[in-house]
Amino acid sequence: MVKTEQVKIKTEGNCDVVNITEFVQNFINRAGIKEGTITIFNVGSTAAITTTEYEPGLVNHDLKAAFEKIAPQNANYEHEKTWNDDNGHSHVSASLLGPSLSVPVLDGRLTLGTWQQIVLIDFDTSPRTRTLVCQFIGD
Amino acid sequence: MVKTEQVKIKTEGNCDVVNITEFVQNFINRAGIKEGTITIFNVGSTAAITTTEYEPGLVNHDLKAAFEKIAPQNANYEHEKTWNDDNGHSHVSASLLGPSLSVPVLDGRLTLGTWQQIVLIDFDTSPRTRTLVCQFIGD
Amino acid sequence: MVKTEQVKIKTEGNCDVVNITEFVQNFINRAGIKEGTITIFNVGSTAAITTTEYEPGLVNHDLKAAFEKIAPQNANYEHEKTWNDDNGHSHVSASLLGPSLSVPVLDGRLTLGTWQQIVLIDFDTSPRTRTLVCQFIGD
């Protein structure tokens, strides 16, 4: 079977790391899903999905510092000249991290580790409401 | 149902960013696909798949600059000593970005944003013809 | 059909790059899988999955050097203050690379290139036994 759901997630932007694990598990519970693969996809090109241990050190400091190093906010971006905006670094970080994540489900549960949460990272430069597509394939 | 197609894509190499969205959507149209997940996989270890806003600033400048920073072309790579070649940086960038992307399909359409395209990035050092495997699972 | 298997993989940590291609192909052979998508998922937030050419130069040197540049082992991490541990860089690298990889299977074979192997990279700071979930959806 295929089950698809679109949801809206509010973010603060500027590398805001949002824990979306509970939403994904709730979708699994509602849909009566037992075994199969869930894909979580961010619609748009300035946010991305991965997993991390959701604790304040990583979420509020270390991940931000790493992306600031890879794609510094104040570097020169041709993208910003094209559109006269300020989010060149947001695009670069989001493309590098990637918009989708696939996670196996077994016995109705995400197969995450205890200290592993699914996160949406919004790299854009102001608060946004993001659309995520959550799609399950399996039994 | 499962639908699989292999396609050849010509690239210029050297961080050439190729928009493959239309190919993927055409595959969906031909196959009569309605709802499910598409996985696009690059065969080979010096190119990768992600999404970005396909506009000249990001595509011709900013993404190249970011990967040049992460894996500079002129740094020393042990890989190049092994094979006496010049593409150590290509391997590192491709492994970091990853060879596959999964995108949900709903009502026969990719669930991309308006300014979000699926791209193949070829990090190798000369023009290549790439093989992509495009595989759909769903209804 | 859905087939799911959990396996244990021993690693040395410290950016140990482990070739898991044969395990995944063996799973395909045992399960009698013909066509569909395999997702390999690392349980935990300090290791990740990608593909690379599995040769000593990349595996023992170049990939390590790239991740050391992105997330240096000796930098300051707030995560380490939270838990009084030493693996802040491990978390950052693992989140950036991502915990899962999806690969199409066709005619009972992974659609990898000749010089492209599936690898688990363990970024943690000591030897570990990792749990991977290998899940197939298809025919």
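Here the chain labels run A, B and C in written order, and each chain numbers its own residues starting at 1.
Going forward, a contact is a pair of C-beta atoms (placed from the backbone, for glycine too) under 8 Å apart; a residue touches a chain by one contact, two chains touch by 3 or more.
In this text, all values refer to a predicted model and were calculated from it rather than measured experimentally.
Novice: Looking at where subunit A touches subunit C, is over half of the residue numbers used by both copies, so same, or under half, so different?
Specialist: Different, since most residue numbers here occur in only one copy.
Novice: State the superposition rotation angle between the two copies subunit A and subunit B, fitting on C-alpha atoms only and giving a multiple of 5 degrees from 0 to 180.
Specialist: An angle of 120 degrees brings one copy onto the other.
Novice: With chain centres taken as the means of their Cα atoms, state the distance from subunit A to subunit C in Å.
Specialist: Those two chain centres are 19 Å apart.
Novice: Mind pulling the residue numbers of subunit B that touch at least two other chains?
Specialist: Expected reply: 37, 70, 96, 98, 102, 137.
Novice: Quick one: in the complex, what on subunit A touches subunit B?
Specialist: 2, 4, 6, 37, 39, 41, 43-45, 70-71, 75, 77-83, 88, 91-92, 94-96, 98-100, 102, 131, 133, 135, 137
Novice: Once bound in the complex, which stretches of subunit B touch subunit A?
Specialist: 35-37, 50-53, 55-58, 60-63, 65-66, 69-70, 96-98, 101-104, 106, 111-113, 115-116, 119, 137-139
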